[in-house]
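Two complexes, one shared chain (chain A), two partners (chain B, chain C).
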Partner chain A sequence: MTQQAITIAVFLAVGLLFWMVALAASHLARPRRPSATKETAYECGIKPFGRAWYQVHVRYYIYALLFVLFDVEVAFLFPWATIFRRLSGFEIFLLVDVLIFLVVLVFGLVYAWRKGALEWE
Partner chain B sequence: MEAMTTQEIVHYSIFALLALVTVGGAIKVAASRSMIHAAFWLFPVFAGVAGFYLYLGAQFLAAIQVLIYIGAILLLIVFAVTLTRNAADTDEAQSNRFVIPVVLAALLLVVALVGAAVITPWREAGVDIDRLLLAPGVPVTDVSAVGLTLLQQYLLPFEIASVLLLAAMIGAIVLARKERRAPDEALPAEEIMAHDERTEAYTELTR
Partner chain C sequence: MNELLRILLTVVGVLLGVMTLAPGLIWGERRLLALWQDRCGPNRVGPFGSLQLVADMIKILTKEDWIPPFADKPVFIIAPSIIVTATLSSFAVVVFAPGIAVADLNIGVLFFLAMSAMAVYSVALGGWASNNKYALLGSIRAVGQMLSYEVFMALSLMGVVALSGSFSFGDIVEAQRDLWFCVPQCLGLAVFFIAALAETRRVPLDLPEAESELVAGYHTEYSGMKFAMFFLGEYIGVTLNAVIIVALFFGGWHGPWLPPVVWFLLKTLAVIGLFVLIRASLPRPRYDQLMEFGWKALLPLALLNLLATGAIILARGG
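Moving on, here comes the complex of A and B:
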């Protein structure tokens, strides 16, 4: 544990040092000639306009929500996958268990698909 | 008072560091006047909790904490905040109207957490913890331990979890469908304006 803690501490220190040294070196080495064009926010080559803060559309939220749901679903599959082969004789039960779990969620995916929730209008 | 061994010092400093990150983040979440800042301050809170899991030897839970809380739920909260009109505004007076119910709810949570900590039969370090498992020989820190308890002892909650996820999914879709209107009024007026502005600006630039 102490050994691991030291390893993590070394990683942390090297990680912090890396960006500090890199940024400091770049700060010392770079020429500095600011202009109005250089100081505008970068918007993929298009001139930025309007405020950066505006009310975004709800569809982003729906996508994030669907992502959370399938993320949680996959998280549940990891512990299942690790024990599937360890419990010999119970494979069928385990398979049925997880299939019920997945079928219920696939029903949700089909519902989302049919209702057009996955379409970017 | 006994002098602490090096190992103890290392342990306590890790714990103190994690607690500092977690509690400090939580205080900033509550104290930030801007909602988007409060949302982003959740990151050290979630990361600190993941650190605690790792510190306790629950690597799987730590990975899941990063994957779900930082990767998904934090993203969801940030998206939810950007849905609101004035995410970056800080000038609004924060209301203290609900101070009494909020304090009561917080106290209830404290009672629940302390109660859970007291009632839970914690195993002492070094004690044989194989009895905790349904299959002996698998260390509790292993992912398999989670899998075994999930699929044997807690099979019904596991299956019900899928129904819960399904309900959340359908709820989200029903809420989203409210936004879909007939084609001629598909976009709220404000968004059409914003859209026009953008189109204008774009044509101006590409001209």
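Moving on, here comes the complex of A and C:
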């Protein structure tokens, strides 16, 4: 396990080296000619107005909440999936278990659906 | 010492493979798109335009790499390298053939999912740090889309894990010796494929960079080598997802006559071709349609797939 972790670290280090070299090469080769027009944000040719760090639609926040809810569910389901075939004789209990778990979660999904959390308006 | 040499050789081999396949894919995709859309495509530089890529690389190296004075500079620089690192690191856990893997982690699938979630940071931070309205809109769209499809992607893999009883890519491919998982897991494959399109932000699900609405989305302000990193990150992502689909659903290295690695490569190229064909043929949905389709169709389908897989394993007696 430790050896594998080290191997992956080596892999990443070599991979990053590629990019360091690429960035360094471009740093040496690229020109730099700033001008007043170039220093403005790109807004299709119109003079930019106001700041760009503004508020975004609250919908995205709701999707983030849904993500947290269902990704935690996935985290709970993964151990179930690995163990499912190994406990021969107990599968029926495991299936009923996960059925109860999923029914509770699907109930949550239906609730969100009925409340309109999945609609985009 | 021998062991160390073997590890180093695989590391360099896998990296070189990915680093040739992913940029080569840019040329291959343009040629294929041209073929399917009845155009010529790049055909001037080298035989069949195959040196177009070299020309593009030289060009992008000598382009001005502009950092906007109004941007959040450190974040702006770090963001593009996150996507490359995150997508590249997933290749470390894939088993390409018996014995050819950087590290066959026993939590390989989890590692892949974790790393593809890391790619969200790159897009989110890059768009936010640009301090440009189009970039912010693109990145916030990307976050919503990628987070949502991350859930469906993980759920669709649950059936594969249940069938093979392991997270390790080696074990999963070995479990497909008799029957590829694309048959019992066809529903999971469909969900995973759509989620993979959304995760890599490919046409038709490229809403974070929809040209007709958002210029270039989250990388509007990027240029030169940093833009190239975002671009390459996307293509490495496509290669990665094709590799994952081959390993988890299409029997990995299994196949008659040819050596295992060749089979793996051929299957990967076929899946990449499918990605390109989809790009050539399908229009882009609206953002609300994309999200509603995900939460209302893909999520129930993935859950159903999981339950059905469990029931079938039970009925067949383990």
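In this section, the second predicted complex is superposed on the first by the 92 of 121 C-alpha atoms of A that agree within 3 Å, B and C clash if a C-alpha of one lies under 4 Å from a C-alpha of the other, contacts with A are read in each partner's own complex, and residues count from 1 in each chain.
In this section, a contact is a pair of C-beta atoms (placed from the backbone, for glycine too) under 8 Å apart; a residue touches a chain by one contact, two chains touch by 3 or more.
Since the model is a prediction, treat every value here as computed from it, not as a measurement.
**Q** Determine, under the contact definition given at the top, whether A:11 touches first (chain B), second (chain C), both, or neither.
**A** Second partner only, chain C.
**Q** Taking the superposition as given, does A:95 touch the first partner, chain B, the second, chain C, both, or neither?
**A** Touch partner of A:95: chain C, not chain B.
**Q** First (chain B), second (chain C), both or neither: which does A:64 touch?
**A** After superposition on chain A, A:64 lies in contact with both partners, chain B and chain C.
**Q** Tell me which partner A:86 touches in the superposition: chain B (first), chain C (second), both or neither.
**A** It touches chain B and chain C both.
**Q** Between chain B and chain C, whom does A:78 touch in the aligned arrangement: first, second, both, or neither?
**A** So A:78 meets both chain B and chain C here.
**Q** So, does A:56 touch the first partner chain B, the second partner chain C, both, or neither?
**A** In the superposition, A:56 touches chain B and chain C alike.
**Q** Of chain B and chain C, which one contacts the greater number of residues in chain A?
**A** C
**Q** Identify the overlap between the chain B-contacting and the chain C-contacting residues of chain A.
**A** On chain A, the residues that contact chain B in one structure and chain C in the other are 1, 5, 53-54, 56-57, 59-60, 64, 66-67, 71, 78, 81-83, 86, 94, 102, 105, 109.
**Q** Per the contact definition, I'd like the list of chain B residues that touch chain A in the complex.
**A** 6-7, 10-11, 14, 60, 64, 67-68, 71-73, 75-76, 79-80, 82-88, 135, 138, 142-144, 146-148, 150-151, 155, 158-159, 161-163, 165-166, 168-170, 172-173, 175-177, 179-180, 186, 190-191, 194, 197-198, 201-202, 205
**Q** Okay, in this complex, where on chain A does chain B touch?
**A** Those residues of chain A that touch chain B are 1-2, 5-6, 46-47, 49-50, 53-62, 64-69, 71-73, 75-76, 78-83, 86-87, 94, 97, 100-102, 104-105, 107-109, 111-112, 115-117, 121.
**Q** For a test of understanding, state which residues of chain C touch chain A in their complex under the given definition.
**A** Touch list, chain C to chain A: 7-8, 11-12, 14-15, 19, 60-66, 68-70, 81, 84-85, 88-89, 91-93, 102-106, 110, 128, 130-137, 140, 143-144, 147-148, 150-151, 154-155, 158-159, 161-163, 165-167, 215, 220-221, 224-225, 228-229, 287-288, 291-292, 295-296, 299-300, 303, 306-307, 310-311, 313-314, 318.
**Q** Note which residues of chain A are touching chain C in the complex, please.
**A** 1, 3-5, 7-8, 10-12, 14-16, 18-19, 22-23, 25-27, 29-33, 38-39, 41-44, 48, 51-54, 56-57, 59-60, 63-64, 66-67, 70-71, 74, 77-78, 81-86, 88, 91-92, 94-95, 98-99, 102, 105-106, 109, 113, 118-120
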